[in-house]
Structure formats: C-alpha cells, structure tokens
Amino acid sequence: MQIRKNFSSDNVVPACPAIMAALMAANEGTAPAYGADAWTARLQQVAADVFEHPVQVFPVATGTAANALALAATTPPFGAILCDESAHIVQAECGAPDFYTGGARLLPIPSEDGRMRPDALSYVLDRHPAHNVLNNLPTTLSLTQATEWGTVYDPAQIAELAARARARGMAVHLDGSRLANAIASLGCTPAEATWKAGIDILALGATKNGAMTAEAVLVFDPARAEHFARRRKRGGHDWSKQRFLSAQLLAYLQDDLWLQNARQANAMAHRLAGGLFRHPGARLVYETQANEIFVALPDPAVAHLRAAGYVFREWRTPAGLNGTVIRLVTSYDTHIADVDALLATLAAI
Amino acid sequence: MQIRKNFSSDNVVPACPAIMAALMAANEGTAPAYGADAWTARLQQVAADVFEHPVQVFPVATGTAANALALAATTPPFGAILCDESAHIVQAECGAPDFYTGGARLLPIPSEDGRMRPDALSYVLDRHPAHNVLNNLPTTLSLTQATEWGTVYDPAQIAELAARARARGMAVHLDGSRLANAIASLGCTPAEATWKAGIDILALGATKNGAMTAEAVLVFDPARAEHFARRRKRGGHDWSKQRFLSAQLLAYLQDDLWLQNARQANAMAHRLAGGLFRHPGARLVYETQANEIFVALPDPAVAHLRAAGYVFREWRTPAGLNGTVIRLVTSYDTHIADVDALLATLAAI
Amino acid sequence: MQIRKNFSSDNVVPACPAIMAALMAANEGTAPAYGADAWTARLQQVAADVFEHPVQVFPVATGTAANALALAATTPPFGAILCDESAHIVQAECGAPDFYTGGARLLPIPSEDGRMRPDALSYVLDRHPAHNVLNNLPTTLSLTQATEWGTVYDPAQIAELAARARARGMAVHLDGSRLANAIASLGCTPAEATWKAGIDILALGATKNGAMTAEAVLVFDPARAEHFARRRKRGGHDWSKQRFLSAQLLAYLQDDLWLQNARQANAMAHRLAGGLFRHPGARLVYETQANEIFVALPDPAVAHLRAAGYVFREWRTPAGLNGTVIRLVTSYDTHIADVDALLATLAAI
Amino acid sequence: MQIRKNFSSDNVVPACPAIMAALMAANEGTAPAYGADAWTARLQQVAADVFEHPVQVFPVATGTAANALALAATTPPFGAILCDESAHIVQAECGAPDFYTGGARLLPIPSEDGRMRPDALSYVLDRHPAHNVLNNLPTTLSLTQATEWGTVYDPAQIAELAARARARGMAVHLDGSRLANAIASLGCTPAEATWKAGIDILALGATKNGAMTAEAVLVFDPARAEHFARRRKRGGHDWSKQRFLSAQLLAYLQDDLWLQNARQANAMAHRLAGGLFRHPGARLVYETQANEIFVALPDPAVAHLRAAGYVFREWRTPAGLNGTVIRLVTSYDTHIADVDALLATLAAI
C-alpha cells in the first residue's frame, strides 16, 4: 500500500469509489437536460429526508459558486454580509460574493479561532443601524462550519448568532464546505446543525469529502428559492447534463457516505493531532475538532518533513509562537498508516 | 440494441466511453488543486498542437460560463457585443453576458439563417460611432459556429466579419459549442476555423459532443488572458479538482475524438435530412450543415412521432410555412438504426 | 428682442427666472445636509398635493439617474425591462439601466410612433414565460410620456398596457422627462396621467422644462421606496446640499409653473407644425402632440436654415420619405417671434 | 450680524456669493448640451493652468460620484482598492466604489490619524501578491487629502506611498474633497500636492468649500481618461446643462477663490482649536491641520453647547479619553465672531 504524503488540502485526493461508481451508473441512456432528470428529482427527496425539512436543492460544481449564489439570493447590492475575518468568502474567492451580489460589502469580524462571538457580531451591528444610509444595510450573516481554523461551532452557538441576526431581519447563510466534518464531530443531526439552529440557506460541500466535484445550495426558506434557478443560470452554473452532479450528491447523502467519509477524516486528524501534541517542540495553534490541524513546528522539523516528501501549506505564524505554522489536512482517503508514517518521520529527527 | 428516440438535444446523451475512461484514469492518487495538476499542463500543449498556435486554455464546466467569461475578458461594462439575433448568448443564457460584463449591452443583428451578413454588421456599426457616448461602444463581435440554426460559416465569411470588427478595434469571440461539428462539416483545420479567420477568443464546446461536462475558453491573444484566471475564480468556475475537467478535454482533443464524434453526428443529421427531404409534406427550414435539423411537418405527423415515443422540441413556425417546425438534433450517440427507425415511423403514417 | 435660433433640444435653453429666483432664495443660512432640510420636506407635501396621492420624492440631477434608479428599484438583475424601441433608456443613456440593475436585459418593442401597442407588448410577454429560466424574467414595463417622437399616450392607452404588465406581476415605470408637456397636451390631471393609469414609479423631468438641473423619482408604491435612499446614495446621486435641488422642484410644481412652461412650449410647437404643414415640400413625420416636431424637408431647405443660423438635429430618414428629417424642439423659452422667424426664413427660399 | 452656530459640517453652509454670481451669469442664452458649451471648454484650460499639467476635467455633482467614477476608471472588478480605514469611500458612500467598479474589494488599512503609513501599505501589499488569484489584485491606492481626521499629508509622504503603489503597477487616486484646505495648509502648489507627488486621478471637491454643488474628476494620465465620458454617462452624471457645473468650477479655480475660501476655513479652525486647547477639560484628539477639529469635552460641556443652540456631530470616543468626542467643522462662511462666540459659551460653564 502506498503512503499518502500530501496533506495540503482535502481537495487533492481522488473521488471515493462509491462516487465514481455512481457517476458510471448515471452514464446510461438519455436524460432530460438542465435538471429535469430522475437523479435530480430523487436528490430533492433524499435531501429533505436527511435534513428532516422541506428543502430545495440546487447542485453546482464549486463551493465558491454555492456560496456566491446563496449570498446573492439573500443580499441586495446595498447590503452588507457579516462574517468571520477568516471566512473563505473573504480570503479565498477573489471577490465572488462581491461580484454575485452586485457589489455588496463584506464586513469581516475578528475572532480568536474562527468562531464569531455574539458580542463581536452585536458590536458591528450596532455600528450599522438601518436608518444610516451612509452604510450598507446588514442583511446577511455568513457562518462557516467547520471553521477555516478547524474548529466547530456548537449548534447553540450558531443559534445565538442567528437569533441576533434575525432580530435585525437578516438572513443566515452557512458555508458548509466541511459541514460533514462538523456534524461528525458534534454527533448531532443534520437538522440540528442547520435549520434548527437558524440557518436559512446552506452551501453544502461534497468535493472535499469524497466527491469528484459536487456542491449544492440547500434552501430551507422557500421564499429565498424563488428566483434561484435564474441566478444559477446566469452565473453559468446550470449544467446541461445535471445528472452527473446529482448522481454524486445522491451517493454522497445516501447510506451515510458523507458522514462515514467525514468520520474517517476526523479520526485521522485526531490521531495526527494526538501524535503532534506529544512531540516536543510542536504546538497546536487551534483545537482540532474536524479535519484540519494548525501546528507550529521548529523550522528544522518543517524542512525535514518536506525533505521526506511531505506536502503541506505554511501559514502566517502568529506573534508569540516560535517556528513555522503548517496546516495538515486529512480526508476520507487518509489512513492510519499515512498518519503514523508522518509521525514517525517527525520523530526521527 | 436499443433505439434512441430522444432527438431533443445533443446534451441528453451520456458521455462517450473514451471520456469516461479518461475520468476513471484521472482518479488516481493525489494531484495539486486549482489547475496545477499534470492533466491541465498537458492540455495546454495538446491544444497548442491541435490549433497550431500558442494558446491559453481555461477549462470550465458549462458553455454559458465559457461564453460569459470570454465576453467579460473582451468587453468593458460600457461596451456593446454585436451578435446574431439567434445567438445562445441572447436567447438562452438568462443574461449571463450582461452579468459577467457588468452590464454591457447586446446588439442582436437579424439574419436569414443564423449567419450574420457583413452588410448587416456594418449597418449596426455605423449607427454606433465611437465618439457618440450616448451609445455603448462596440467592442466585441460574437459569432456562433455552427450556428443555432445548424448552418455553418465558411472561414472566409468569418474572416470578412472579423476584419470589419477589427477595423473598429473590436475583439472577435466565437461561441464554439458545436465547433467540432462545423470543422467536420467544412473539412478545414481547427486553425483555419479560428485564429486564421480572425478569432481572438474561443468558447470550445465538448459537452454536446461526448464529454460528461467540459468546455474551455481558448485565448489566442495573450493580452486578453492576463486576468482571466481571476475572472474565472470570482465566477466560481475554478474547479479545485480541475484534473477532472482537463482529463476530459485531453481525451476529447487527442486522437481526433472530437472530430470523429462530430462526423458521426453530422453524418446522421445528413441521413436524417435526406430522408425528411424525400418525405411528402416535410419541408427543411434551413440547410443541414452540422447536426441540427429544423423541419416543418404536418401536425398529424408531429403527433404521430410523439405517440411513437420520439422526443424533440417544437420551434416557432415562421410565417408562410404550414404545420409545425420541430428541431431534431443528432449526436455522436446517434446511429443509423436510430435515424432509420424515425424515418420509418414517419413513413408509416 | 433677440431671436432664438437654437431648436436642437429643450435642454439648451437657460433656466427660467422663477427657478433661478428660488435657487437664490434657498441660498440663505445653514441647512442640514442630505435632504434633512426644509425645502425637501416641503417638496414631499407639495408633490402629494399635486399628484393627489401619498408619494415619496427623491430629487436627483439628471433624467438618466432618475430612470436608472427607478428601474433598479423595480428590476432584479435577472429581470427584463420591456420598452419601446425608441426609448431614451435604450437609445441614449449608454447602458445606465443595465448598469444600475446589475445587468438586467432591455427588450425593445417596435412601434410606429413611439407608443407601444398592447398587442406588441403581449407578443413579447408570451415569448418570455416565467417558467423558462433560459430567458430573463419580465419584471418591468417602461413607458415614455410624451414619447421620443413627440406623440402622447392617452391615459386609457397607458392603463391598458399597465394592466397587461400587472397581470404578469410586473411594475410599471414612466419616463416622464417631458411629462408636463404630455399633461398640458392631454388636459388631464397629474394623477390621471400617472398612478390612476397604473404607473408605480415616475421619473419626473424638470430640466427640459425650465429647471437649471432637477429631476425627481416619485414612488407611488411605498414598498418600492424602502431602500431607494441607499440606491441613490451608492449611485452618487445624494446631494449634500439637497436644498438646491428641492428648491427648484418646489418652484416647478408650485403655482403650476411646470404646466405653464409646458403649455408655452407646446403652443409654439403647434404654431411651428402648422406653418410647416402649409410649407410645400415639408412633410410631418409624426403627429405633433407635445413640443417636438419631426419634419422631412428638401435638402436645400435644410441647408438654407443652417446657413441662416438655425441649429437643429438631423434624424435618420425613413424609407419612402424624400429629403432629410430634422427635429425641431420648442421650450418654455420659445416665443412667437422665434417660430415666425424660422417659418419666414423657410418661406424665403 | 448673525452668529453661525452650525459646526456640523462644511456642507451645511450656503454657496459663496462669487459662485452664485457665476451661476447667474451662466444663465444667459442657449448653450450646447452635455459639455459642448464654452464654460466647460474654458474649464479645461483653467484647470491645466492651475495644476500646471495637461489634464482632462470631468465635472460631476457629488463627491461620491467623483470618487466612484475615478475608482471605476482605475480598478477592474477583480481589483482591490487600498485605502485608510477612515476613508469616505469605506465609511460613508454606501458601497458606491463597490457598485461602480463592478464589485472590486476595498482593503481598509488602519492608521493613527487618517494618514496611511508606508509600512502598513507594504504589509497589505505583501499579503496580496499578484500571482495569488485567490485574492483580488491590488490595482489602486486611494488616499484622502485632507484626511477624514483633519490631518494633512506632506507631499513627500504621498510621494512615498505612491511610489510603493506604482512599483506594483497600481494607480493612485486622491479623494480631494478638502484638497483646497490641504493646499492652503501646506502652502504648496496644486501641482506639488497632486501629480508631482504621484497622483494619477483626482476627485476635486468644491461643494464643501463654497460651491452650490460641484466636484470634478481631474485625470492627469490621459490613458485613464479614454472611456471616462461613457462611464459618467451611464452613471447618470452627465448633466445636459453642464454649463451650470462648469461655471461654478471656473469661478472656484479662477482668482484663487478656492484657496481663499480654504484659508478662511483653516484660520477659523486654528483659532477654534487654540481656544479649545486652552480650555480646561478639553482634549484635542488629532492635530488640527485643515478645517476639522475633533475634541473630547466633558459631557456637561457638550450638553451646555447644545443647549446654547450649537449644532455638531458626536464621534465614537476612543478608549482612554474621558467625556465625549465632538467634531467641529469650519468653512469659508465661518467668521471670527462665530468662533469667539462658541469659545465664550464654553468658557461660561
């Protein structure tokens, strides 16, 4: 068995066998284009079952598309989107939300570990009263679960933030590109992690958790779904052969594949974090609650890992930490041997 | 062997075996995300070889994305895009070009058969002089090859239109969602069909011609490629696992697969058109030069085909024609038996 | 008295004395910025009285701004705006509606004399059903009163068009840059010309009818006014010293100044049209119902007028007419002597 | 003589007599519309003389319009605009730059007193390398002179910032809504304050310094002016009767009116700041270098001033300061008696 040495992201691994099998199975016969196919119809039902709520599902190919379309459906051009400063929509989408909303403003809120605190949210809301037209109107709260720092909100924490947003008439969006990892970590139901905590619209990730390429926007509030299909079409995200997106998502949600994959990724992250915790000189920057580890290592250790063929990304090292912070990401495709090999390499210095 | 009765579009058929095999083969091991993979690198070289020109290739998932991004790269918000009134960008993309360009204006030009005439182009250009700031500035000519009516421009016709546009400093875009069908029909080289005729930027289709989902923007003018990657990113069209797009396109362009598939589709269209031509009461609306047939049939014949299980779309029937115009589209997956069965069904009335 | 020889537009003349006096009077003491001043407050009340309806008034500086903001308030980015093909928003605003709406699509509808016919409207609506997401969704009907060809809709004609739009859930916008001329021509009330005929939102012109620079958006439907102030702000159309806009509009609407000015302009247009009608070789292209005349004259006559110092614009000459079509525009500042001098010059050939 | 008690802003005062006289004088006879008039032509020449550089001048009505149009001319949709966190474009324009650029991203940079420090600029630039398409591309540096906190950059400070931006190929924009105050404060030439320090495009304010309503974009780099007229038109900022904007700006720049007005405002601010400095319990928050004073006063003093009829705005009080911070703004229309009356009121507590 080959040892996987690439820990740079959960999007560098192949699609898992069940997804590829579903794609092959979907490649039979003709099917109506643009979502009028049987796979897409079935997906609506399966998602409603999994989330225990009526829902409209809009499959798209990328997480950026899912986020940007969901934000456009909830944010007018003169609106403001409040989010954590680490959010993918702020840091890594080259302005996709700005583009899709027609120029709405993102208001990044600082936090210690990627989880927005209610007081920090209220502070920004208080400085953007609805009557002051000099400012954009706060219309959308965007949360990320699991966060970009590998931490996980408790549903009660999300509910508190959502309640403060809803008190201002705002919509609540969840960037769930790693939602499966969060649910697996929390042990809660998909419903508890989303609409029961106040989420109106969800960007559900699958690509980082075993799909070839598949994400979906799930709209729990039907009013916000009314014109979604047109926004998706004009964004160029309406696949003619949509069965190939829906088939992946069906396989993903059925038979708990998404949670099984996430549990494997999380378990490997915990095993890896445990090993690093015991390594002298290593210091974990954030609590490892999902499948991402941020760890400060002495520079020689980092160089040693690279020399041994390991692939990972360096991060900005916060003041007060020595060495270099690296990010290690596990996936459904990470196995005990991979983790133990990395730890053994590190121990061999 | 099962008879294919769905002639509604070339996007209702499955992906062809070679494409699926390429997808499976690409699903091995880890690969860098966002286009830093080996498949994408190889694709650049193969495309340059096939088109006999340095070119930058940007894979995306849909034709609407390819068109809209290509137009955004060539058209400022105050620009105008001149195109045939039948163009997909006018009729079927829910305003994607308007969105991606930041509100540029489309100026649809009437034609008889989907092929813009040079005089009609000049007429509109003359009415939009550069000095008149009341009007949008004509910056982009967008042509479609094969056209939406199944006709094909001769390269010299494209060259004449492109020359008139370039005399005004405009860029020339080609919607090539069925370019393979056009090249197969013309018997020319890919180079002759594109940059040698004055095309600056090409939206190359593959989805309608055998891919699962894969299109690409090919930029022949390097200056126009400079910021393309950022536009693609903020449009949500930058796949993290881009190898799965590039692998399809590689298989598509290598070993002439794209032209073989197109030749099969075209041959079946000709066989079908020939049979319809001989059918009493049928009247072909446009010349069949690629893989689309528009034919006026008596209403009972249309009903008879539907009753027999055939699937196709009805079109607006031009004044002066009796009956109903239907569109029949063939693909790489259409076979002689399929065509002959349809003709036999029609003959049986 | 000096003879006015410039008939090129109603925007080439100075502001009328009452407007300038109002500006001077407003230039006293300090006043709160951004519309919290007394003039703006008074304007709301005067407009409600004049239009016999609760209304929110948003002063801006230009007609293009008024139209574009009004359309943005009624049209989502995926919407379509249906209007006459001669409309200012199509022909003369360099894509301002496309920009302000975030890329909505204009659907120009042909007419004979600038007045949209109900059947032509229904024809386009039928081709854009709500369920077809390939097309933009028709959300807004935009009418122009008086039209760009100097004709005037009867309120019943507007009501018929508005009813068909409302049956589709659309909003109805009126470009009223020459509304005063239309009301003066019809002899109806401002209410009958607008909300009683189904208008939801009005761009009311004053600049072409005696103001220095002042237009206003009047919103009859409060729901559509909710976020208007933010759209105006981010468009850069919220004057800090708004009293100088509101003071003009107050003077304009009070004491019937707007209708007096319009009656003078209309009367001069009728006198001029009457003279031209009797001139051999002249042919009026449209009925003169407001303050614009389109007349075909023999080329030597056109040259003779120019040589005599007259200023006017040439228009595209429709097939079937000889000579050259010129446009002659009268204003509040056109007097009998001006008209008679032109006619005498023409008669002297 | 009446005492002026409104210190809330420099936009609450009337237009100065010379500006109103120029408006009246411009209201004579007909003039070509849309900037083809004699006033606008003369303005180009006067501005070139005043700034000692070829320049294209585009008059508009508001500072928000001037900023947003200037930024749109320099910033593509995927660009980033770097500016001080206090900038008007960040805090007070409801997203106008985001709108006009098509969704570019503002990157606010913290500072102590509104003047960006070179190291802070470089820090942000280093975190946004051109090759990383996850981020918007830094394309524009936007500075404000005088700053929002009433401080003034030395031209050498601007030159240093501009040099760092230009090293990255960025354009440099100056929000000069109070540029006259800065120039009067520095005693430098307009050229030294702008293009000689590296400014490419200037939003020149006049409204806050004596105009009725008039601002202008001055483009020093001709390449950036090429399509400016179209952007202005589609923004709705192209006045038909442009002579009324240009006449204001002509009067403003001719005979040093702008600098005289600014000197009066600055002198009154210094007199007021001097008095406040000597007042026990008052603490100046920033150095008073132009016409804005930020001063922390004990709460009873603030209440006493309000009770005496004074109008001013409260500001967020920084940690570590007691009482309440208020902003006092002087203008060309502030006189010694006004300042002394305020100080006497304060002393009477």
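Lettered A, B, C and D in written order, each chain numbered from 1.
Keep in mind that, in the parts below, a residue touches a chain if its C-beta (ideal position, glycine included) is under 8 Å from a C-beta of that chain, and two chains touch if they have at least 3 such contacts.
Fair warning: this is a prediction, and the values are worked out from it, not measured in the lab.
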{"item": "Pair in B-D, C-D or B-C that repeats A-C, with over half of contact pairs matching by residue number", "value": "B-D"}
{"item": "Selected interface, B-D versus A-D, where C-beta contact pairs are more numerous", "value": "A-D"}
{"item": "Approximate Å spacing (C-alpha centroids) for the pair chain A, chain B", "value": "34"}
{"item": "Mean-CA-position distance for chain D and chain A (Å)", "value": "42"}
{"item": "Whole-Å gap separating chain B and chain D, where each centre is the average of the chain's CA atoms", "value": "51"}
{"item": "For chain C, residues that touch 2 or more chains besides their own", "value": "77-78, 93-95, 98-99, 102-103, 133-134, 136, 230, 233-234, 238"}
{"item": "List of chain A residues in touch with chain C within their complex", "value": "76-78, 102-103, 133-134, 136-137, 227, 229-231, 233-234, 238"}
{"item": "Complex contact set, residues of chain C against chain B", "value": "77-78, 91-95, 98-99, 101-106, 133-136"}
{"item": "Residue ranges of chain C touching chain D (in the complex, touch as defined)", "value": "2, 4, 6, 8-9, 11-15, 20, 23-24, 27-33, 60-69, 93-96, 98-100, 207-208, 212-213, 230, 233-241, 244, 311"}
